[in-house]
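One structure is given below, encoded as structure tokens.
A, B, C, D and E are the chain letters, set down in written order, and residue numbers restart from 1 in every chain.
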């Protein structure tokens, strides 16, 4: 396979190279806490850019990520845990024999996680895309909900609410960061192709897109399955990072968090989604000091645990009030430089 | 003969919007569809393009029956349209708007676009070149990278027609293309449509209330009146037809 | 009736209207003509304080600057918006009812007047306005605006999308409204028809007034003929 | 968790830790113990991140928490690798401490509690058939119901049915209506207080007046407040009895607690929270270098006959606490001590 | 299963359903004017319940006065959120509005959590509400009987306002075109604010009844109820008040039926509500009584 490299691709290559260098540097020089935050950022970047593809670029107001992330996480966890570990862990009911038999290495596990998610997305797209707008939102919200309930109620496969523990910790910054770079690159490639254009056309005016010969159902399904694939992979990385998963991780708060990220970053902007991830995930960590007692010099406020979330929600409201299209709007980082030149 | 409608009827609930209408459009003809408001003209368009299904009757295009086909399939068979109110993709550039018209003509797969296979670059180059050609033809190439909705109304109309032409149609359906234009702009548009017919080898079916425009442009008109045909023939004859004057033109036509 | 001085309209950084002054005298029909994007719609919206603007507007001796759209409507300004904007999920009759929101006592009477003006919408009075054809919607929009018995009626391209016969009727109705004492500010692409029934006219170009004068004189003006009348 | 759906439990537990630190702020060597609070919002990603932060950034000697068994498992997974001891206040799942060297807890495990209830019901009350209501979403509930069923059926009892609920539910009329037709000797509700109190109320409404029994999940005043008259006669297991403080430390603590809050109905979670702190400080004091995590861990496990707020705690090698349970019954709006069960 | 038990379960479903309905109405009304899924609605309900609690437990007000306090307080809160968080975004993309709604929701949950703690507080239910009525074996409390009555009463009033008054007409018109409503000489913003007030007031009534039937209040109580009420509103056809009530009953009955007649699947109770929702939308993509807001003509 020979990949043609164009002039403007050199810039991209340079960006990718510096990102890779950063990953190496961070892995070797930063403390574990920082590395873990970076890992979270990398995984949420994958999730945010892929969620942005269906929600921002294609304009289908879907609230599904928690469902696919959960599926990816469970598939990966079940493939990575050996039969012995599973047998030991399953406490509510004993596992089905086939569950014990599942086994794969990390790469295959992630691949299966993604594939399984996207196959499910394919099946789902037939009913889901019959409805539009807010109805789509509630159907997909329901899907995520159902997945979680299934995880709780099928202890023979998922170990119920106990979740799966002791998942081998394969994820590290090379994996998460590397896949994040791939994901951003791949998604930008989609966006800058006829498929991406068609997705945007569906978002702007579905009827007009049809009138241009676009098979809008196919385009929506592509976007949905691609999102689901990466969400599955992201879920797998998350499982192998946390080493422990359980159904309560995948509530709709998980989806809301992603939604906040992509809207803050600028709905429809892939680079905006990356920026949004850094701000929300990094920012939430940074704001931890709000939970602690504060010393204002003159007086010391008592610790107000939970204050962080209050401030977080206020910031969220203010950002939306003053930057209603999010930080990047629908532009990409590249467009900003273009404007600057003019 | 390129398009033939045979006994097309469309009912909405109890309302009959089109009643047993038959007409044919010949190749390279500019065919006008006129009639009072609510006569069923737009509905007729929607039936031809597959947005609505006819309650009864047949639509035949290049000897192929279109009934039951999906709208996007019909476009690919060579029928493109514009809308009564301009409907451009508002967040996209003029160029991208036109490129959407090439969507089904670019030959690369989803997979190839993700991993940037050589074919992707080749195909993109090809359709971009053609898109520029079309924009150039309409004299709006300089706006290629502008957001489509930043253009003036007249220019947006042109983008919309350019976008439709990008689908490489044999037949173009225009729904009130001159609405909202002043007489000077209308005149320019008429000229543009006429030359485009030659240069793109088009058959045009259009709806318009501006009789001057219709007169200048159309080879033939069909006058619909609440579902039934009251006249078919030359526009210059239509103006004189008593029934047409009574139902549609009124005294106003004599300006 | 209405007196405008140095009006500017802004959309973010875009200045759509760049300092225009004009007036409409009581009992007259005044036209604003100009090509697409000249700023005609923006001017009408500005008179109703519906866009961001600066300048002085005096309506019957009343300074409108600090008043909201709805209170200006209550004072006798009324607009038939561009693109009709009927309430598509309300029936035709309910649309009229909305027009008479602050004019309950005259609703029944005015409704019949409107049905007299436009028999076509009377037939459809129980149908949802969204299922009307474009022209029918335009008729509805005009009647709706009249339901508040305005002193000044502003029409934004009322002939848009109407069949010639109806266009003729609409212009006839506008003349008749004038005779009944309603002052009219008319924005039209169909400059010919507009000028013919107007007393006075302004030509907008790129947000500025390029020309003004007695309407009848303008029809004869060469420049106008060339630019706006197409020949 | 200090925010999120389970914030209430986190907050009550944290109260205990804070008050404990207030009472005993320094080590033997005079150093002040510094508490660092991190809120995990009851969420796994946050749990992992904040645990890493505590270990690598705040360089803590030991971790107290987390609250629920799943999140505690997460904390332990990370801390175990870094050899930082964890003391869980209330995570009762049996598996939690298995195959781990740095996991400890001050509460008893599900299996013990399940046995206590089963035996008490069978032998002391002579109840032979039970309906169990399980909260599918709570590890605590799943573990306890399983342990109970095992012990109850071993002792000759019969579990007629396990009915499933999900925490957050409020309406149990359909469930209690069903139980009424099943007519069991008693109902076992291994639940937390919000659900248990609602079930008790709705049972009384439809005239279902069977004995009800819960674990420590309802061992707090809130349960009685929420249940009102409907929980009269309700039985549950608890760690200790605040009205008859088992140790001197309990007495002191309860005194301090009522000074602080004006109440003396000390919540078990608060007591257990305090005990994690006291146990840790005690272990640290026994190390020459109190910040040596490995030594601290060893000493935690070596704690025998430790006098805690919630009673005498004997730690074993696996990090589990061997301790007695008490059984209480709610009478006239007060939880009245009935009996103590020793392991 | 005997007839009595069946009837008992139906009574249970009816009372639960009407509670969902009550809350779903508010959702649907706000959606009707702003086309906004007001994620904060469940939390306004929570605030309403808290206000009722404070009114009775702290201020010692009688029940009716506490309800009044809660309704007024929540209405004001609803109008305030509209003014602060939604009104400045009238012409912004809907999704921005949605995010501020989520923001308000998080804010209310967390501020109540910080101020009052997450521990549930017992709601002081008046004696007569807990009174049990027994009609030949069918058992229900006065409170659970009152909810359907109040719901249907409020429904009637709202339907009357919506379809029989000109204000209702304006409310319906708003859904499609705020600007043009202004052109009719109507202060659209004020009407929107009133709708928020009404919707929030209803949420407060819902919250109090919820707290009377399940007597505890805590900061997160609105989340799940809000979600289900939202599902109910969608099943019924979001934007349609009658639909919200139908949807509420459907969801309520489904829950009871699943738990009562399919106890094995009790754990799937909440999932069934959503499965049902998906099924309804498959056959009726805009819900049972829904109007298609995306209607675009060619």
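Quick note on the criterion: a residue touches a chain if its C-beta (ideal position, glycine included) is under 8 Å from a C-beta of that chain, and two chains touch if they have at least 3 such contacts.
For clarity, every value in this text was computed on a predicted model and none was experimentally measured.
*Asks:* Hop across touching chains from chain A and tell me the fewest hops that reach chain C.
*Replies:* Minimum step count, chain A to chain C: 2.
*Asks:* Let me spell it out: compute each chain's centre from its C-alpha atoms, then which one is farthest from chain B's centre?
*Replies:* D
*Asks:* Tell me which chain's centre, taken as the mean of its C-alpha atoms, is farthest from chain A.
*Replies:* Looking at centroid distances, C is the chain farthest away.
*Asks:* So how far apart, in whole Å, are chain C and chain E when each is placed at the average of its C-alpha atoms?
*Replies:* Taking the average C-alpha coordinate of chain C and of chain E, the gap between them is 42 Å.
*Asks:* For chain A and chain D, let me know how many angstrom lie between their CA-based centres, rounded off.
*Replies:* Inter-chain centre distance comes to 35 Å.
*Asks:* So what's the Cα centroid distance for chain A and chain E, whole Å?
*Replies:* About 31 Å, centre to centre.
*Asks:* Of all residues in chain B, which are in touch with two or more distinct other chains?
*Replies:* 42, 51, 83-84
*Asks:* Could you pull out the residues of chain D that touch at least 2 other chains?
*Replies:* Within chain D, residues 3-4, 7, 10-11, 136, 164, 166 contact more than one other chain.
*Asks:* Touching residues of chain D toward chain A in the complex: what are they?
*Replies:* 2-4, 7, 10-11, 14, 37-39, 41-45, 48-50, 52-53, 55-57, 69-70, 73-74, 77-78, 93-95, 99, 136-139, 142-143, 146, 164, 166
*Asks:* Going by the contact rule set out above, which residues of chain C touch chain E in the complex?
*Replies:* Where chain C meets chain E, its residues are 48, 50, 68-71, 73-74, 78-79, 81, 85, 87-90, 94, 97-99, 101-102, 104, 130, 144-145, 148.
*Asks:* Under the definition above, what is the set of chain B residues touching chain C in their complex?
*Replies:* Going by the criterion above, the answer is residues 12, 35-39, 42, 84-85, 152-154, 176, 179-187, 209, 211-212, 247-253, 255.
*Asks:* Which residues of chain C touch chain B in the complex?
*Replies:* It is residues 33, 35-37, 83, 120, 131-136, 138, 157, 160-169, 171, 189-193, 226-231 of chain C that touch chain B.
*Asks:* Applying the document's contact rule, which stretches of chain E touch chain D when the two form their complex?
*Replies:* 5, 8-9, 12-13, 15-16, 110, 113, 117-122, 125, 130, 132, 134, 139-141, 210, 213-216, 218-220, 223-225, 255-256, 259-260, 263, 266-267, 269-270
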